[in-house]
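Residue numbering begins at 1 within each chain, and the chains themselves are lettered A, B, C and D in the order written.
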């Protein structure tokens, strides 16, 4: 493993899209929650999720773990966009406002820093009224392997 | 709302159990994930979850959001054990080792500090081999309302 | 204490400057470290610090505590800009690159969210070459009291 | 660099003490603040600091950056105790109670997890009345180099 990106016949944008598709294909958890990838580009991803009744907690608001999962999934799509297998090392979330049943939440993930095998990403979750629900900051760590072949085929 | 606990006819242990039962009853999210409360006492809770296939991510390991949700749910049972509606204000998680399909994960939540309406709780997730999977620290904030009546009836 | 700002005869900008001056006057710690306030406006502050030899640690790089102190001080000027005594409740820092002796570091603090008595602020530290040294996120909590009188006199 | 400790002629305890001495010798920042190492052992360190007037902030309580610096320094002594140059990668601090002038603060740092080149450490700061002032959690990252020779001589 080196810190160089493997040569790819794809543009960075096409590579990011191929990685996102590969990541989404086997993300059983995201499927189960109805999380959808709206947009991806190198170092950035936008995902959305509709709050279902089975996502509510005992206070009748969206379970913090579901907000976290949405943000964490957006983080994964942003930090894997360069075709390096990359996982979360640590994450921090601040809850600003509750999510309610049937809200449509959007998470925007953006790289803030990448150096060596680690990166820092900021993710913001808003609802359909542009109210910020949570701020998430994640630290990523590159592990071995790639998501797709240099020409974008899934592995 | 005051910082005093409301008078209760129950012992602290019985009150903690009644609060936990009230919290669990409507926690649709925890039900959907098969999270079970093993033990609760004032300021402390032990919960478990078995990693299912629909909890795996695109790297074929347990989605960080599912680990977080388990920890966050344990946190909720520990910080609501005094019959004050209490929610998470911020959480931090460090991932130490991956969770694999069919692992049985146990989260132990313990109060570290409570002052005024805020508290700090530590949650540790281990697998069936006592390997620590994640360390979680949560900050709680008391909101209005109670979980049960002074004699432990659900509201 | 209410969530309303006290009426002030000053503009928000003049009030922010008066609060910052009041905060700086007695900040013995910031004085001792040579931290200077470059700019302040409502919810935002820019501070700088030159790395001295007595700020180095045993690895001969700027002590993480000194980077933190610079960021934390910028956070204080940003979150006290509305004339409410406000303190840090929790902070998180990610170190991205080392600071070296004689570097001039600049911290920019910006409000991300304010609701009720709590707020979230992002602080970024860069060196003289615009390299990001650290990312800091702080949670603030309003306590009782003001920094200046409604017409900006120090208390 | 490997994940193995270099062979040493010293016991783990003697090695931890030699590393701590090497770290302290050049920690200009800790000297300037009067931070003292009370005890060190593998993965654990106890340090103390007396709150001076030049450590107070504009609210007349101990500057959060000074609390952080004490905790961070204890973290450094704990995570460097195995003779591997190790630095902080990220830190989180929760403030629980204020520190006052002339308080004697004690920070206890303890390893929670070490895997590969990263570790997680918990640090608790108490005052002379055993009141917990702050909880700090740090993530460490091993870089190249050692603190002392295999027989404990400073490099």
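Convention: a contact is a pair of C-beta atoms (placed from the backbone, for glycine too) under 8 Å apart; a residue touches a chain by one contact, two chains touch by 3 or more.
None of these values were measured; they are calculated from a predicted model.
Counting C-beta pairs in contact, the pair that comes out ahead of the other among A-C and A-B is A-B. Centroid analysis (C-alpha atoms only) places A farthest from chain D. Chain A and chain B have centres, each the mean of its CA atoms, that are 24 Å apart. Rounded to whole angstrom, the centroid-to-centroid distance between chain A and chain C, based on C-alpha atoms, equals 31 Å. For chain A, the set of residues touching two or more other chains reads 89-90, 92, 94, 139. Residues 89-90, 92, 118, 139 of chain C touch chain B in their complex.
Those residues of chain A that touch chain B in the shared complex are 22-32, 53-61, 63-66, 68-70, 72-73, 76, 80, 85, 87-95, 147.
Listing the residues of chain A that touch chain C in their complex gives 92, 94, 96-97, 112-113, 115, 120, 132, 135, 137, 139.
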